[in-house]
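Per-chain residue numbering starts at 1, and chain names A, B, C, D, E and F are given in the order in which the chains are listed.
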Amino acid sequence: MSMFGLGRPQPSSAEKIAAAEQEMDLVTDMFNKLQQACLKKCIPREYREGEINKGEGVCIDRCAAKFFDVQLKVSELLQAEAQAKGASGGGFGIGGM
Amino acid sequence: MSMFGLGRPQPSSAEKIAAAEQEMDLVTDMFNKLQQACLKKCIPREYREGEINKGEGVCIDRCAAKFFDVQLKVSELLQAEAQAKGASGGGFGIGGM
Amino acid sequence: MSMFGLGRPQPSSAEKIAAAEQEMDLVTDMFNKLQQACLKKCIPREYREGEINKGEGVCIDRCAAKFFDVQLKVSELLQAEAQAKGASGGGFGIGGM
Amino acid sequence: MDGLTAAEQREFQSRMERKQMKEFMGMFSNLVSHCFDSCIDDFTTKSLIARETGCVSRCVKKFMAGSERIGQRFQEQQAQMMQNPPPGR
Amino acid sequence: MDGLTAAEQREFQSRMERKQMKEFMGMFSNLVSHCFDSCIDDFTTKSLIARETGCVSRCVKKFMAGSERIGQRFQEQQAQMMQNPPPGR
Amino acid sequence: MDGLTAAEQREFQSRMERKQMKEFMGMFSNLVSHCFDSCIDDFTTKSLIARETGCVSRCVKKFMAGSERIGQRFQEQQAQMMQNPPPGR
């Protein structure tokens, strides 16, 4: 790929593109999970009306805020765990394979 | 990719391949969703017998027909919505990011 | 890809890499399915405690062993089916498309 | 994405377009599944009955309204996260 | 896929084969998950008991028969759609 | 992966790293979803309440312990499978 393989001096274009794609995938995945979670918690599945009523709207706002908090909480817990285990992110299930 | 970058005159081979792959992914995804939906609706999970009985077979046929109708209905509704919002397909959740 | 297209004499590097990736994807997918299945069967969702108790641990071990047995059983059944249908792996839903 | 040649820029853009298309298709198929699962329970007929058609319309409308509202909250949270970046980097 | 060179044709074909393999593997793992979830509920033993083994066999057989029937309906619908193409194109 | 040039080796390794990252991210988002779904049921407030925070902590801890134990069993099974390879090859 690079003309002189000098110990990965800086990311190639392909690597930059891949990183940007991965970033986008992560954001998309999180949005999808948030959406699934909050539609499930806040919107009953009977569909007697097509509008979001006031209670449902408020529920969605609070649900999104709590989802975001859980996301932060989980990442803090994983980081604390990773540090306790001695860095490098290992020990998370199959992650170390 | 193309020798002369003249404003994307026609799709490159790579783009044609990618489009064909995407087409195939979409078809596969829809088949999987149809299968999940109709096995769930028509086949009880007790598995007392290995054959599909007559009632289950009829249920599957009708389920598939209805799934297909829902698919058409949903795409009509999304198109109407997109036109009402002023083309370009925006406004669908995170789609515009 | 190869200079002389002599009837696919041996896999190219790209093909070797793709095969290794696919292998890894399959292993990962199976691990995820096993994990989902056994956490669902063995860990109640109330989370009154953060430790896995003895009963839950034993349940996980047996669950994993049974999951593995089911995996073998299913692949035997699919192979028998494929042979009965006359090789080539066809006849499995949309697989032949 | 600076430091890319024009050809790379174009390749990148075309990949992003494919990804958005894929994303849209995934949402479409999830929406179909969800509204089918929520609204269709009568298998004595081969065609949708009025009750089912109405339910699907409301389901799509409500799903999209909910999705849009969640999208707004999500974008606000993303904007906030820019100032307070997530861990693992 | 016309207008491709021989090398591109081969590359395309090999990607399609990988995709089919992936598809098959996905179906396999879904089938394992589904039949495990439906049939296995006894964790007092480490090995499958007779009832579970029988259930798994019937589950696989029935799933495949159902899958084949759904596949037929799907292909008929795809053929129909060729004359009446879907929106969004 | 022998028979690869140095550039290919590097490309392969970088793809594997991306895959592991993706894998980790998938697990992270599943964990968030699962613990959110299991622990959060009060939408009268905008911030997590004490009961919810405690539940999320225990959920993460328990999920990781369970995941690790399942990972051990899985690796033992993988090792066993090396001697008795799976069908379909």
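The rule is short, and it goes like this: a contact is a pair of C-beta atoms (placed from the backbone, for glycine too) under 8 Å apart; a residue touches a chain by one contact, two chains touch by 3 or more.
These are the chains along with the protein names UniProt gives them: A, B, C, D, E, F = Mitochondrial import inner membrane translocase subunit.
Just so you know, these numbers come straight off a predicted model, no measurement behind them.
Asker: Moving only from a chain to one it touches, give the least number of moves from chain C to chain F.
Answerer: 1
Asker: Taking each chain's centre as the mean of its C-alpha atoms, give the chain farthest from chain D.
Answerer: C
Asker: Rounded to a whole Å, what is the gap between the Cα centroids of chain C and chain D?
Answerer: 28
Asker: Taking each chain's centre as the mean position of its Cα atoms, how many Å separate chain A from chain F?
Answerer: Chain centroid spacing, chain A to chain F, equals 13 Å.
Asker: Can you give the whole-Å distance between the Cα centres of chain D and chain F?
Answerer: Here chain D and chain F have centroids separated by 24 Å.
Asker: Touching at least two other chains at once: which residues of chain A meet that condition?
Answerer: Those would be 25, 27-28, 31, 35, 42, 61, 65, 75, 78, 93-94, 97.
Asker: Counting only residues that touch at least 2 other chains, which ones in chain F make the list?
Answerer: Residues 11, 23, 26, 35, 39, 57, 61, 67, 70-71, 74.
Asker: Which of the residues in chain D end up touching chain B in this complex?
Answerer: It comes out as residues 6-7, 10-11, 14, 18, 20-29, 31-33, 35-37, 39-41, 43-48, 52-53, 56-57, 60-61, 64, 67-68, 70-71, 74-75.
Asker: Chain D touches which residues of chain B in the complex?
Answerer: Within the complex, chain B contacts chain D at residues 1-2, 5, 8, 15, 18, 22, 25-26, 29-30, 33, 36-37, 40-42, 58-59, 61-63, 65-67, 69-71, 73-75, 77-78, 81, 89, 91-95, 97.
Asker: What residues on chain A touch chain D, complex-wise?
Answerer: Interface residues on chain A, with respect to chain D: 13, 16-17, 20-21, 24-25, 27-28, 31-32, 34-35, 38-39, 42-43, 45-52, 56-57, 60-61, 64-65, 68, 72, 75-76, 78-79.
Asker: Hey, which residues of chain D end up touching chain A in the complex?
Answerer: Listed in rising order, the residues are 1, 3-5, 8, 11-12, 15-16, 19, 23, 26, 35, 38-39, 55, 57-59, 61-63, 65-67, 69-71, 73-74, 77-78, 86-88.
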